[in-house]
């Protein structure tokens, strides 16, 4: 039973090769295509969709989602989840405005450090007390929510005298909003951290196979703590940006970001099982959500249907962006 | 052997299957006759497992025809194949970890145990006990699979296959065993082959193995695959192992398989690893030994002899109750693998899929895991250096992969093993613990691994090995430590060309 | 940015509200559409869904959509949204009016296009329902009361609760035994009332921050056989609660006429845009003011149902300040 | 043997394996084997703390009745969610499905809004509606290969939008009181609705323990790829599980709206997090493969008892979230069997 002639066998593998090439098209390309199609449709519906003013609007909305999403992404990549972002954002929002009244600019570093500390605590509840991150962060989220109400039971408004400090975020330089510049900076920092540093890359290894990582000497405790710190810092930054933008703190500001941050991450194609995905995915996720949110209003979709359409679009989006070659099972 | 004259049971013609970047099978023909054992051999990645997955409907071929008992068939899924009387023991195990032995035994085939729609536990228990006795598994059938040894799992899989072949009452079922012996001891192996020979009377068996010896001894016909194509087939009687190797790999092998010529004489003074009075209750009694620079020490003993636990304590995966592990003059923190790794200890685990690799990541990412810090330029890891390091080690270890960016999950078992080895070799270790380094690895790759092991020894790396076979232990090692019932019972010197014979060692082991 | 452009075509009337999933908020839409029809202009509805950022972004999207040819009625998600919204709309040259939420030290007259901020007096509402509730006790103005607040951290919720406390201060015979946060959720209020009845079986009344929660509380009292004996109050004025007042299970509510709110808001903003209302020339008392809500109790419930539910009132928006009651400092 | 067990447990010696030795002999052993000993223990602790704190009032028959009656609907929902979690997925569609079902209950039963009156037919209608929604989620997950998190989240948004549109944001008062009596009635002092929930839990638990469906459910949760290899029809089981979950939500919707005697889309709000919390507190591993209906039910009971106790103790509402959070973490610290979970994620 010898093998068949060479001519025969090579012709048999032709379709196989074509298939191989097709499957290698990165999912990211589909996602970008989706964005382009959406933008095209919206622009068709209303020319103003592509106006500089509106693009700026979309960018500012996506910016917040991106910043909290980048953080959330870190915990998801490492194989966990962070549900405390809601409570934390509420807490940081009021803390920021209350402290900015007293210490001015120094409220920025103070809030970031507080956020990092919360992340460190979240991490340690997971890694030392061994409570699954889902429960641990659900719990700390509740505690932070109460803390937010303790700092200020009602929204606090920043006095006009302090607008100068808050405009560090709100202002613009050469017609580009500082918020966008800062967000871009944060994106680059997270990107470099995750793709080009040993600690950041460890997040992917731990998320992909924690037993192997442990046995290979990766400090899994430190890595998971780091992921939680990155998450909380992202949420804190987003809360600060929001509070600056609204010139006030709001103890109920965070709630909607629990689900929205996860959605931004997952819509971009990062797997909840951990290990696959990344900052670019989150960027796309945030953009898809922002473009939809904005576009539906710009073309005047009936408010009754917006939620439904958004639901359908995120399903379609994940259908396109999710890289199924990297996960053996869809959970 | 008169197999040639029989009507074929199952005929596969022109089977072609490609994956992104690879053509796994290229117009392969494969015929199964009744009552025969076919030995299917080939290099890692030759396409053996893929062909078998097509045989049981887990993978659909891109092209080709399947003819079963004279009728053309398409197999939707494994359950479908099972109804036609085709079953398989998978290379990487197929038992669900969170279910019990019994539940796994009957998974998907519980029909016989139904009473008013509910499953009768008693009936299941009784049948299970009978089946387990047949393969000599003494574990309680309610133990979860996650808690039993690989050997027990393997036997449970075989028991499952036996039971299924009986259940559907298909005349002459086809049983596929993909590398069933890698985790078995010699004794268990003998049991397995005895069972196979006895059921051959009513079944066809396809046996995949990289241990050509057992293939030649136990099969009737040998089929060789190379690069996804049929190379040749031959009757097993009278087949020469060297000949098969030649056909599989394309070149002949030297007689000095374990490169004993290159075995170095370690310097007495420089000890890489010193284990002093290490003890763990219930696992092993106080044990002291050392590994010198460039020395290969093989650790042998039966299952339960405690050698594995000793290694886990040395690796920091488990905490010993007493004693110290000193690596390169530094006392290791007990129970800290990261300290062990940071101090220069490497560990190639027995279970590559769950302990050795990040399957969802690329070959390059896996290879570079341990050396990222070294691949930095400035503060950041340099992608160019990453690429270079990965390519270098892929070549060095001859990992057969379409590219460095291929996902590990898509490599063949043997190439996955080579990836794990490459990962540790690329990091500069002082001591390497090799737990069955050649498990599931083809002859060519084995050669590569032996070569690498010798090279490392020359570089002064000490090694502690536990091998698949006693021959390998003897061939590779400078010295052999023998454990029995948690105690060190013997130490043998294994100088090149004057190695002790396996018989000498077995006396100590059992 | 787009304010300076030449604007052709009809002006869009836009409302930014919290949600369409609750009857009170949904009436904003009804009122806006009725007004839109009366002036022959298109209406757009934006919802914040409890997300300030979404609210602000949607407003910007609406500005982009219409090229700035739009006027707004806005019920901000939180009072902290106001400054951001004001800055955005001022820059875009879009006239708007806000309702309910505004920080005390942010002044409307500092913004050229912020036509006015109008509100109902939340404290008065809580005070009215509180005193009505106390009157319904077996021994009037003497007994125990249980309170279900709205969402903590929400300004109207806090104001109404403040009103209740004012009523408590005046009625020393009444004791507030316990209060909880019902998050505006009917099911939650039902659960809490049932649990509270274990802790305080001798309760005399249940004060709720809105009607939805009041309906939940009434249901729990019904199951305990206390409906009609222990009364409940709410705020908003939903039809079910009017029925409950008629049936004697609720004591009072305060009706906020959402249709009038949107009508007035859009009318003023539109007038400003069309140059019929000179915003800058208005005295401060006409830029920040309250209008009275409709207090409903057993005595007037039939009349109110007749006026507002059975027939749609004929609103007159020619005099914007017809209902003006007090300036907000 | 020991070696492998060690490997399975790898790297988590610290957090301690709290072996609970209940002084109950065989019953204790049974509980341990059934994987609910930890949950029972935390329930007992919660009860003990509140019983002492309220000087026994917490344990009064009246309060127990309240707890059982209030736990029933969360139990039904949690039981629906938990099977999806056992599969290794998550079902976020609860709120949307309930919202839509509630709205249809309001518009189809005898009500104040229109002339419809389908009477008892409402039961198959809501169950069917929920089931269809679950079925579609299942198709999304299996056929379109969309992770359940997004598929069900999208589904929830879609249905939620529909519910608001269909109801136009209005509240519909129900006039048909038959179901209400069913929901509020008691049998020997035990709320009927609690008995219904209990019956569902027992029924499902038996299915999980004693049928092929149950076996396959856990096989998929343990390792989907291996289950498929073994011949499990993964797609079918998954679709069935999502559909079943939809049935449960439909039933919960019917009970929710009839108990309140009204129907509005927002009745669906605030149901998801408590349900998922209950599932997790009950000891169902979010990684899949572990925990059954009894776990979900116990989790719902613990969460309900906790809320009830906090009100009886008159804990400051501002601090309630914090107390909830602390208790949640503490309860899980006691309940989860870390031995079975490997690395905690």
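Letters A, B, C and D mark the chains in the order given here, with residues in each chain numbered from 1 onward.
One rule holds in what follows: a contact is a pair of C-beta atoms (placed from the backbone, for glycine too) under 8 Å apart; a residue touches a chain by one contact, two chains touch by 3 or more.
All of these numbers come straight from a predicted model, not from anything done at the bench.
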Identify the chain pair with more contacting C-beta pairs: A-D or A-B.
A-D
What whole-Å value do you get for the distance between chain A and chain D if each is reduced to the mean of its CA atoms?
29
Cα centre of chain B to Cα centre of chain C, whole Å, reads 71
Determine the centre-to-centre distance between chain A and chain B, using the mean Cα coordinates as centres, and give it in whole Å.
41
Rounded to a whole Å, what is the gap between the Cα centroids of chain A and chain C?
35
Multi-partner residues in chain B (2 or more other chains touched) are 317, 337, 355
Residues within chain C bordering two or more other chains
20, 29, 152
Mind pulling the chain D residues that touch 2 or more other chains?
7, 10-11, 164, 318, 320
Once you've mapped the touching chain pairs, tell me: line, ring, star, complete or other?
other
Who touches whom among the chains?
A-B, A-C, A-D, B-D, C-D
Chain B partner, complex, touching residues on chain D are 1-8, 10-11, 13, 206, 210-212, 215-216, 218-219, 221-223, 226-233, 289-290, 340
Help me check something: in the complex, which residues belonging to chain A touch chain B?
1-4, 8-9, 12-13, 15-17, 19-21, 23-24, 192, 195-198, 201, 204-205, 208-209, 211-219, 275-276, 325-328
In the complex formed with chain A, which residues of chain D make contact?
7, 10-12, 14-15, 87-89, 96, 140-142, 144-151, 153-162, 164-165, 224-225, 273, 277, 280-281, 286, 288, 318-326, 328-329, 332-333, 336, 338, 341-345
Please give the residue numbers of chain B that touch chain A in the complex, ascending.
14, 16-23, 26-29, 31, 62-63, 223, 229-233, 315, 317, 337-342, 347, 349, 354-361, 365, 369-370, 372-373, 376, 379-383, 407, 409, 423
Spell out the part of chain A that touches chain D in their complex, as residue ranges.
79-80, 87, 125-126, 128-136, 138-143, 145-147, 149-150, 153, 210-211, 214-215, 220, 259, 262-263, 266-267, 271-272, 274, 304-312, 314-315, 318-319, 322, 324, 328-331
